[in-house]
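There are two complexes below, and they share chain A, which is joined by chain B in the first and by chain C in the second.
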Partner chain A sequence: MQKTPYQQGNSLWKDARQRLYRNRAAMAALCFMVLMVLACFVLPLFPCIANPNATNLDNIAAPCSWAHPFGTDQLGRDLLARVLYGGRISLLVGMVATMVALIIGLVYGLISGYIGGKTDALMMRTVDVLFALPFIVLVIVFSLSIEEPGRELTENLIILTGWSRESIAPIMGLVPLFIAIGALGWLTLARIVRTQTLEIKSQEYIQAARSLGLGHLRILFRHIAPNLMGTVVVYTTLAVPGIMLTESTLSFIGLGVKAPNSSWGTLIKEGADRMEVTPELLLFPALFFCLTLLALNFLGDGLRDAIDPKSAKD
Partner chain B sequence: MTKLLLRRLGQGVLVIFVLETITFFLVRMLPGNPFLGERKLPQHVMEQLNALYGLNQSGIVQYFNYWKGILLQGDFGPSLVREGLQVSQIIAEAFPVSLALGVVGMLIAIIIGIPAGMLSACYRNRWPDTAIMLPAMLGICIPAFVVGPVFGKTLGTLPGLSVAGWDSALCIVLPALTLGLINAAYLARLTRGGMLEVLSQEYIRTARAKGASGPRVMFIHALRSGLLPAVSYLGPAFAALITGSFVVETCFQVPGMGLHFVNATTDRDYFLIQGLVLCYGILIVVANLVVDLVLVALNPRLRSQGAA
Partner chain C sequence: MRILTGIISTLSCIWLSGCGDGRSSAETFAAEKILLIGNNSEPQSLDPHKATAVADGKIIATMLEGLVRPDPQNEAGVLPGAAEYWESSVDAQEWTFRLYRNGVWSDGHPLTAHDFIYAYQRILHPQFGGRYAEMLYPIQGAEAYNKGQADWSRVGVKAVDDYTLKLTLNGPTPHLLQLLLHFTWSPVPAHHVEANGGMLDRRSRWARTDNWVGNGAYVADDHHLNNYLSVKPNPLYRRKDELKNKGIRFLPIVNGYTETRMYLGGKLHITNNVPPEMISYAAAKAPQDFCRDPYYCTIFYRLNTTRGALRDVRVREALSLAIDRDALVSKVVRGAGSPTFCFTPPGAGYQAKAPSVAALSQEQREQKARALLADAGYANGAGFPTLVLMTTSRDVQRIMAETIQAMWAEKLGVHVEIRSCEWTAYKAAQQSMDYDISSSSWSGDYLDAATFVELWRSGGGNNCTGWQNEEFDSLTNTAATTGNAEIRRNSLQQAEQLMLGQHPIIPLYHSERTYLRSARHIRRAHPRLLDNFPLDAVEVVP
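Presenting the complex of A and B:
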């Protein structure tokens, strides 16, 4: 009889990775997102991309050409450069606001699920109440109301660190938006994390850890948190397009990203205003934005199928 | 059943109260004030205006006065920017517009979205599924503020259709179509997911084994629970629609609640913002309540649990 060679078992993550590699739509989406991030964050560093704020009144609303692949806008600014720089802001808001939401949701859900009982009930009722609040209304009011403190913070930072205003003000101008969207977008994640925590808490290896005398924090962060990372990764990916959509919606109605920054939302707004004359101004930002959302959704679905095959509803 | 309803109602009142409280204090933290119009007012005029509207009192006093006005006199306060108009008048004017738009938009969404989702579930992983789900995915990823202007440009040139304003009955067509198609995409995906989950259950197999025809299984056995996810989505979405969709109303210049909300926020029209948010809160609570009732009616399992 032939001896079966020893075969190493696959880890959960290796299995998931293989399933993801086989999913062609998700892999295409992943490649697209990598390219998009490179294009928005790295490409503008090269001199072939024009300055997005350099106006040229002799070359207004030019059609596509070698010098300006996407043409120019109503002030003669290069549209390609504007779309790439706008993508920077949109992706940045999408990532940072999601991170804020992720941290709050993760900690809240872990604590609520781990403590359980009355505390859990109270914390989850709070989430229920917050869930019923009109999200975008609150984001608008909240982001506007923390603008002033944000500006003060910027001034203090300039005094304290000696950084130049030009380098720091544009980024700091986005901070209220990060906080507002993130601080209100954690609810779904908190619910999911809590459900998972409840489930994991009752497993035997957690009992084993407890009987070994490990502290609560250690159990929470070393034994429970790593085991719900799969779910967290999936829902975080799926949350990004929603958050980017919120940002661009706010920017579109003029309450989100403000000058000197521009995001895909503000570019789409400008393009929509001049659509009659120059449809490219709407077409290119909208195309970049929609394709990014599409890719993120496909990637999220693919990750869900790969990491959590049970929950896959196809 | 009654217990569930009462608990939900209590929760709803709490939601409205929390929402209004948060809004009240947040809008007062906004930089600027309602009287920064085109020309700058002298200091003493500003003070008089603040005194007239009670804005010189402390936040807590203003807060209690506001609730007192609403609860005892049904008075939502005056608009601070549009002189001589009461908030209740503005809402009474704008709400029917948003309501009409929301109802038509939602009908379009239901008529397109739910059958599309069912069809897609029937032909799972075959070409009709792809043919429906691809546009549905696109509908989710293409935001309303792209769809709106594109519709305005392409369809707005048709005779009779108008791209802006609200002066003839045909003005409703384009905004309602925009709202409807975008919500149809969500509905189609939710219906498909719900139907697929139900169709994999044992009782469907039993029904098939007993010889029930395909359509009978689909409509009589599966549809009822297959619609649950779509119904849960419809409630809040409907509330959001009839209280005005900011983007679509801004795109098409429809004088509904959404447009007022955006303008009131930029103008710092405190009482108007509060009134609109209150209105929104009430509607969303009512919509969720209706959804709970429908869910219980559709899903007998919820009846015994007493919780939705």
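Presenting the complex of A and C:
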């Protein structure tokens, strides 16, 4: 008996992956982001990168040289090291705050869309109200109000774990910022997730799952949530640059990272003040920041085209 | 394509708005005889009894006139203000001022001696809480009244008649006329304050720009928050014919870099401050306009002596000694000042006695600092709590704070956290002593060492360190009441030495004033040690 020729069908994810591979801009952006993350998180572990907070008053605002590839800043600190360490903080804020926003938004949207009815109306009106409030102002108020508990937490951590202050203070100082941006940045995502949930909820396979007697939680997280992933991944990638911008705005007005630590936002602010005198101080951090934002946007666009090809035709 | 259109439209907008008639706003406003001046910060208050900042004082000085007014030609001299002439007793303890009979407020209400008495009672009233009340302590009984220990009738301010004011002082005060130039001695319109909530209403709206009544050369005109505050000539002012300008705009620009850039872009006639890093740039760009004047001012750190580790005088001294002031001034401040271990700047016939550590080398000082810190139980900074170093958002202060933060970490192993606050929040935190270390500056209110030394009296409104010392108080009392200049100077020197030995503050340097002033548009503006040049004497020319 002769077998009929049989072709393995492609899964939707595989299709998406192939579409992404073919998108040159998105792949270049992906490579760039990998390099940037490696540069910011791995490179400073090597001794060739100077201590970003070591001042040297005898070598202020030095031009580019072998010892200081990007030159030094107004207090003689190595600018390359500061840009890399600043990138750590900016990327960390971007990722962690996005994760916080993602978790809240996902759960909120799922519950709202799945339960429906009055609960849905109430939950969505709450989102509307929060949307109406100015985001930056809320973040400022919120991060200031949780600053004091955050400081106590740091002190307790130091006592409990015996870690050195220098190693955890820069990160712990950012916790209020993570929480504040994350806790207020989930609104759009909650709306998107809710709409999608409403749509998926009425599909046959959900009705089948229900008629088989599966529990609500299982339906929500095993059958609905995975089908949202495409949208969520795309939205998240596009949200990271926005959140990094918020962080740099806050650092710009002095509420983000605390001196002497820096983020790209603070470095750009310090550089912008001195742009006539020492343009390098503005140029390098701004270059890194812009390229990262661009790369993330390209990547997000590419992902959207890959996962949801219909939307690309708009 | 849409991007291209966007770029083109943006560019054309910039081009159109930039064009106008091709003149900068400095030129346009000069043609209209309006002075544009950078003024550091948004005023806290225009009420002379509530204001404490230099920026507020500059505005108030144009809108309220005290008994005397500053002489534009001679910093040590005064000219008749609201008072036509005055006389003092031989020992300079009793002063009588005769007011102009035709003096009026800007609403037409006559200005009498009772307005002055009302103002002095208001700022000194124990329930009003005037921060600057101690400026009036030279008046007999004023301190006791301010502290709620005496009655107003015992205070040495009397109206002999409606136009004669008599001041009785604690002791001989030959420099009283210099004191009177300060805005705390200005009159306030009693009838207007009463109509707006009364004497003790701290939230009174009488001094708002839309409700202003004053007796100065100018009256409030317009206030756009974070944009400008403008004043216009007072039509009822006695010397209105001598006014050269049609108005003044005070622009609250905290960031010195922005301010310098605005000046070079033709948006200002006078700036408040050129940051150290911009000095060589500004001097090269506008060599005619760059000014570098001596200034009666000290930059220092306040230490909150009521909190934790800072209660220990050894810790405070160690923090002070570990700061390399020479490096700070030469590298960070770029030489716009002179390093110091004293508080009062030299000048006005006074030279503070430098503590013995001033003669040591920086290495020796650091050694001593480490020994002191170990003595206090924090060898190499072990177990030392993280202190909060509060600064304003001014860039110079932030860079300085970062430098000192690094010095303390390197030399002592002590870590501090920098908190940079917006100006009003900074002032509020300082006055409620909600800080550990506060980056501060003090510029003299009058040309006499007392304006510096007396700051540290117990419970003084601008002390804000929690430090108090009875011996210090009695020494300054001696200085205030003695008639002998020699004894006075010695008492002040001893008092300052005593205070410096206890380290409630860390003196850093005596600063200079670096700023830009248009050589083309500004006439008759001279440098002043106190930075209080009368703006009504300045002339703007096209």
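The rule we apply is simple: the second predicted complex is superposed on the first by the 307 of 314 C-alpha atoms of A that agree within 3 Å, B and C clash if a C-alpha of one lies under 4 Å from a C-alpha of the other, contacts with A are read in each partner's own complex, and residues count from 1 in each chain.
Note that contacts are C-beta pairs under 8 Å (C-beta built on N, C-alpha and C of every residue); 3 or more make two chains touch, one makes a residue touch a chain.
Just so you know, these numbers come straight off a predicted model, no measurement behind them.
Contact with neither chain B nor chain C is seen for A:Asp120 once the two complexes are overlaid on the shared chain. Chain A is touched at more residues by one of its partners, and among chain B and chain C that partner is B.
In the superposed model, A:Glu276 makes contact with both chain B and chain C.
After overlaying the two complexes on the shared chain, residue contacts for A:Asp58 are found with chain C alone; chain B is out of touch. In the superposition on chain A, no contact is made by A:Asp15 with either chain B or chain C.
In the superposition on chain A, no contact is made by A:Asp308 with either chain B or chain C.
When the two complexes are overlaid on their common chain A, residue A:Ala259 makes contact with chain C while staying clear of chain B. In the superposed model, A:Gln74 makes contact with chain C only, not with chain B. Common to the chain B-facing and chain C-facing surfaces of chain A are residues 254, 276.
Within the complex formed with chain A, the chain C residues making contact are 255, 257-258, 261, 275, 277-278, 280-281, 327, 331-332, 386, 393, 395, 398-399, 401-403, 405-406, 415, 417-422.
Those residues of chain B that touch chain A in the shared complex are 11-12, 14-15, 18-19, 22-23, 26-27, 29-31, 124-125, 137-138, 140-146, 148-150, 152-153, 193, 196-197, 240, 243, 246-247, 250-251, 261-262, 265-266, 273, 277, 280-281, 284-285, 288. Those residues of chain A that touch chain C in the complex are listed here as 53-55, 57-58, 60-61, 74-75, 155, 165-166, 169, 173, 254, 258-260, 273-274, 276-277. The touching residues of chain A, when paired with chain B in their complex, are 125, 128-129, 132-134, 136-138, 140-142, 144-148, 241, 245, 248-249, 252-255, 265, 268-269, 272, 275-276, 279, 282, 286, 289-291, 293-294, 297-298, 313-314.
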